[in-house]
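After the C-alpha cells below, expect a handful of questions from me.
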C-alpha cells in the first residue's frame, strides 16, 4: 500500500478473494474511471477463498477483508471499495474505516437507478442469485430491479480465453432488456468489470460495472467531505477480548 | 452558457426558480465540490415563480426548466443537476438530455444511504413535506428515512441576515438525530446548500446538501461514460404539434 | 364554460391535450355515466401538445391544464376530472381547486380494486408504461396490479377507422386475464373511453374506463360534501412573483 | 325488502349486527347522500351479536349477513354496502351477489385517499384497531394511513345521550391532524355516521363516514354498469352439501 | 374429545369442513409428526360445508369451527390447529382459546421460510389462489413466495383412487422449482397431508404439509409455555346479546 | 460433542461468542424447553470475540462458528441453533449443515408472530438496533414489529449481580406494550434467555426468548423430516482453494 505522495486522495479497491490476477484486471478498470488526482490502491485479500461463490466463501473472506481495511485505515486511505458483488463485510468495514466504504452491488444499483426506471442484474453462478436479490431489497431497489440472471460461468473462468462468458453475458443482458423491459443492466461480478464497454456496445442500453461505479461514488463522498456516520451503529467497534 | 474550452466536462446546475441570487449561492457550493476539470454552468430559470413551495409552483417552473435543458443539450452540456428539492421535471429532462440528469433530492438520498442505515430530511415549509415523502418512497428509500421536518422558513428568506433559519435547521437536525435515530440528515432545499458545513459541525453527523451531491453524482456518471437509457420510456419525445 | 342554471352540480372533464375531437368523444362517455343532475363541462387544454405520450409532453401540458382549473374555479365548477392516464398536474390542481379533483388513472384503479382482487392495465405506447407503473405504486395498488400492456397504437390513432386499435386492446385484455389472472382491466388512455363496452363484451371481465370512473367518483365526493383537504400541502398556493 | 317500483336502482345497506336502531341511524345518513333515484333498502342482520367488537363477534355475524345478501340478490337488489368497519364477509358477499359490494372501511379509505396525501382513523374500542390496521394494509393504503385511534366508547353507547362520544371523536381527530399530520379522518364505525358533519365543522379537515361513502361508491359502480368480476375467485360458490 | 389422562399435552386438530374421512387422514399424519407425549385430538366441524373452496364456504364453516374451539377450551385442550389452508377463523379462535392456535397456511409458510430463501404453494382449485396470496402477504411472506399453482382437483377428490391428483401436485411442484426457482413447496390443502412424503421424494426439495407443521408449531409454543397475547385485540370477546 | 447414545435427536446450541459461562446459562434454558428425547449439545465458539456487539464482532465470530457447524455435521448433529441475536453466519451455516439451522432472532420473530398481531424487541446496546431492524425486515416481519429498544447493558454484564439489567428489560418491555401497543416482546440477546420467565410475570404479555424458541423450532423441523433445501443457493459450497 505504498502510494504517491502527490495524489489528492487514495482509494483502496479491495478484492475480497485471494486471486491477484482478478484484482489486477479490476484495478485497470478502476483507474480508467477515477480522477487523475485519485490514486487507486489495489488490495488482494491475504486470506480466504480463491473466489466467492457461496455464503460460506463470503463468510471466510470477511476477516481478511476487514484486516485490509484496518491496515488501509492506518495507512491513511481515504475511502474503500469492496469489490465483490455480495458486498461482503460492508457494515463491519464501515465501523472500522473513517472514510466512506462502498460495495460494488450497492454502487451498481445506485448508478443504475439514476439512468432509467429499471435495471436487471447478470451474475455468475445461479447459487449467488439469492444474495443479489437480498441486496436489491436491503438497499431499497426492489421496485427497480426487473430480473436477475446467472450465466453459470464460475468467477475464475470469466476471463479464460476458451469460455464464452462474454457472449453469455451479452445474451442475458439482451434477454433482460427484451423480455423484462430493463432500462439498464448491472454486471453482477467484479470479474466482469472489463466486459462493460463491449457488452454495452452490443446490447444498446447502459451497462453498469460496480467496481468503477464504486470508485466514482467513493470519490464523490470524499469530495463532499462526507464520512460514514459515527452516531451509534457505525461507531468504532468496542475493544474486545479475542481468542 | 459560455464556457471554458479547456474543461473536461460541463455540468449545468439549473435553478428551477427565477431568483438569480439563489443560483449564485448554490453554484458557489457546487464549484467547491466539483473536480477542477469540471466546469459548472449556472442556469437560472427564465420563466416561472420566484421560489417553489407548492405543487403549483413546481408545475409552472417545469416548462422553463425544460427549455434550459434543451438549450444546454444544444450547447453540448454533458450533464444536468436540477437544483430544487422536489426534483421537478426530472423524468422529462431525462427524455430530452443526452447526458445524465440528477435531482437534488434523489442525490441527497443516494449519498445519505451510503453513510449509515438511516437519514432524516430538514426542509423549508411544512407544505412541502408531502412531496419529500413522495420522493423518498418513489426512489426506494422509505426504510431508510426516519423523519422529515420543516423549519417553516420560506425559501427566499433562508439567507436573510435577520432570520434564524440556520439555527432552526440545526435544531431540527439535532431532533432527527436524538429522537428519530437518524445517522445523517439531508438538507431539503437548494437554498440551504451553504449551511451544510456549519450544520454538520454543530450536529456531529453527516449533513448532505443535494446540490453538491448532485454535481458529484453527475460527474460520476460522466466519468463512467453512462447516459440515461434511451430504450423506451426515456427515448427522445416524439415530435408533436404544440399550441 | 357556460352551463345550465338548473344542474345540481357541474363537473369539468379536462382533456389535458389540445385535440378537441378527443375531448368530444370522452365527454360523450362521461355524460352517459353521470347523473342526470350533473352537468358535464367539456374542456380542451388551450395550450400544449396535441397528445401526451411522454413525460415531456405531460410537463408542457400541465400549465395550460392548471389555467383551465383556475378558470373553472372562478366559474364555480364543483369538481374536476383530469382526463389523461398519467394524471398530469393532479397535486397542483388539488391546490388550486376548491372541489374534488380526480385523475383517470387513479379513478380506474380505485374502481377496479373494488371489483376483484386484481387488475391489469392496457395502454397506448410502451414508453408510457413506466408512468402507469409509477402511479400504480404511488396510489397503493402495486399488489393488485398484475400487468401493464401497451398496444403500441398512438393516442391520436385510436379512433382512426383503419386501425386495429380496438382489436389489439381486446387481445391484450385477454392476455391479462388468461396469463396474468387479472380479474378486470383498466383502459390506459382517455382515448379508449368509448371502447369500454365492446371490450367488456368480448373479454368477459369488467373493463374500466377512467374517464367515466373519474366522473362518478367526483360526483360521489360532491354528494358527500367533501373537498380536498386544505390543511397544509393542498392549501391554496402562496402568492408568488412570476416571470 | 319491499321497495319502490320507480327507483332507478336499489342499494341494500346491511347492518351486520342485530341492533335495528343503529340501522335506522345509518340509513338516514345513507339517504341524505344517495341520488334521488336510488332507493336505500335498510337491512338489519337477523342473527348474530348485537354489536361487533371482536373477531369472534364478526365471525358469528357473517352467516346472517350472507343470508341477507342472498335474499337481496333474489329480490334484485343492485348493490350492497356492508356497514361495519371490519368489512365482515366482504369477499364472500362478492361471490354471492351479482352487483357490486363495498365495505365501509374500504369505502372510507378510497375516498380519503382522493382528498389529500394522508388520513387517520378514529374508531371505537382499542381492541378493534388491529382489524382496521389489517384492512388498511390489505387494501393498499398503508402509506397513506397516519394513525388509528380508539375513543374507547362501545359501539352501542355511541349515541347514548349521556356519553361524551362525539367530543372524544373530535379530540382524537384533532390529535390525528395536529400530531400525525393527517389530511383527513375516516370514522371507524357505522355508528358514527351521524357525527360526520359536526366533527368536520369542529376539526376543519374532511371527515369521511364509510356508510355514506359506501353508498355513493356502489352507486358509482352501478352507473358505470360494473359488477364484481366472476372470472375465478369471485365466481358463484360451488354447490355444496351443508350440515 | 375424550383423551388419555397420561398425555403431557393435548392438541386439537380441527378440520373446518364436515367430512370426517378427511379428518381421519390428516390426523394420521399429525400423529406421525407429534411427540409421543402429545395427544392429537381429532375434531370434525359439526356444521358447515363438506369442503371449503370459496370465501362463502369458509364463512359458513367458521361458526361451527369456533364452537369446537370453545368446546376444546372447556375440555382443557392445550392448543389448536385449524386444518384448512385458508386459515379460517384464526383471529377469532385466538380470542376464545387460551392456548396457542395455528393455521396450516401460516404454519407451512413459517417452516418453509426457515428451509431456504423461497417457496411456492400448490393448492387445489384456482379460485382459492386469491386467499393463499392474501395470507402470504398478511403474514409477511410476500418476498419469499415465488408462485402459487392450482392443480384444479377439488378437495374431496384428492384421495379418490381414480384421480391423478398426486401426479398433478408433483408436476406443479416441479414447475415451481424449475421455472420459479422455489427452494421448497408448501402443499395448499389439508387433504394433501399424506402426499407429502411421496411428493418430496419425486421433486427433490422440501415439501411442507401445513397440518403436521401446525402440530409441531403448536407443540413448540406449549413447550415454551407461551399463549396468545391477551393484551387487547386477542383478549376474550366481550359478552354480547346474540340472536 | 460427546452425546448420549439414546437421544432421539441431537441439537447443537452454538454460542457464537467465546464466553463459556454464557453458553452454560443459555443451554440450561434450552434444556428446559426441549423434548426429553432431544439432547442439547452446548457449543462455545473456539475463536472470535468474547461478546458480539457490532458488525465487526459478528464478522470475526463467523468463521469459528462455521467451523463448529462443520464439526457438528461430521458428528451427526441433527440440527443447529445459532444463539446470537444478529443471526450471524446463518446463510453460510445452512450451506454446510445437512439438518435445519435456525437463528435466534428469526426464531423469536416467528414465534411472536403466532401469538398476536405485533411484537417489539428489547436488546442490549443501542448500536445493535440497526441489525435487529435489518433482520426484522429481511425475514418479513416489518409490519408486525412495533419498536426496538436497547437497555444499554453490555452483553457480558447482563448477568452480573450488581446490574439492574433485568429491571431495565422489564421497563422497556412495559414501554413497548403501553406506548407501542406490542402484543408480545422478543428478548434481543441470548444472554437474556434466563430473564424470560421473570419478565413475562412482571409485564403480563408473552415474552419470547430466541434460544428456547430456536430449539423447539429446530426440533419441529427434525420431527417433520425437513432439511434445508439443497436446490441451488443452499447447496454445499463448492470446493475452493483457501489461503
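Descriptive notes on the structure:
Chains: A, B, C, D, E and F, in written order; residue numbering restarts at 1 for each.
Rule of thumb we're sticking to: a contact is a pair of C-beta atoms (placed from the backbone, for glycine too) under 8 Å apart; a residue touches a chain by one contact, two chains touch by 3 or more.
Everything numeric here is computed off the predicted structure, so don't read it as measured data.
Centroid analysis (C-alpha atoms only) places B farthest from chain E. Centre-to-centre spacing of chain B and chain F amounts to 44 Å, using the average Cα coordinate of each chain. Between chain A and chain D the centroid-to-centroid distance comes to 53 Å (mean Cα coordinates, whole Å). Across the assembly, chain B contributes residues 94, 117, 129-130, 134, 137, 142-143, 181, 232-233 that each touch 2 or more other chains. Contact topology of the protein chains: irregular, matching none of line, ring, star or complete.
Inter-chain contacts occur between A-B, A-C, A-E, A-F, B-C, B-D, B-F, C-D, C-E, D-E, D-F, E-F.
Interface of chain A with chain E (complex): residues 129-130, 133-134, 137, 142. Note for the complex: chain F touches chain D at residues 117-118, 143, 181.
Residues 18, 46-51, 53-60, 62-63, 66, 89, 91-92, 94-96, 126-131, 134, 137-138, 154, 232-233, 235, 237-238, 240-243 of chain F touch chain A in their complex. Contact residues of chain D toward chain C in the complex are 33-37, 94, 100, 102, 106, 110-111, 113-117, 139-144, 177, 181, 183-184, 197, 204-206, 208, 212-213, 216-217, 219-221, 223-229, 231-234.
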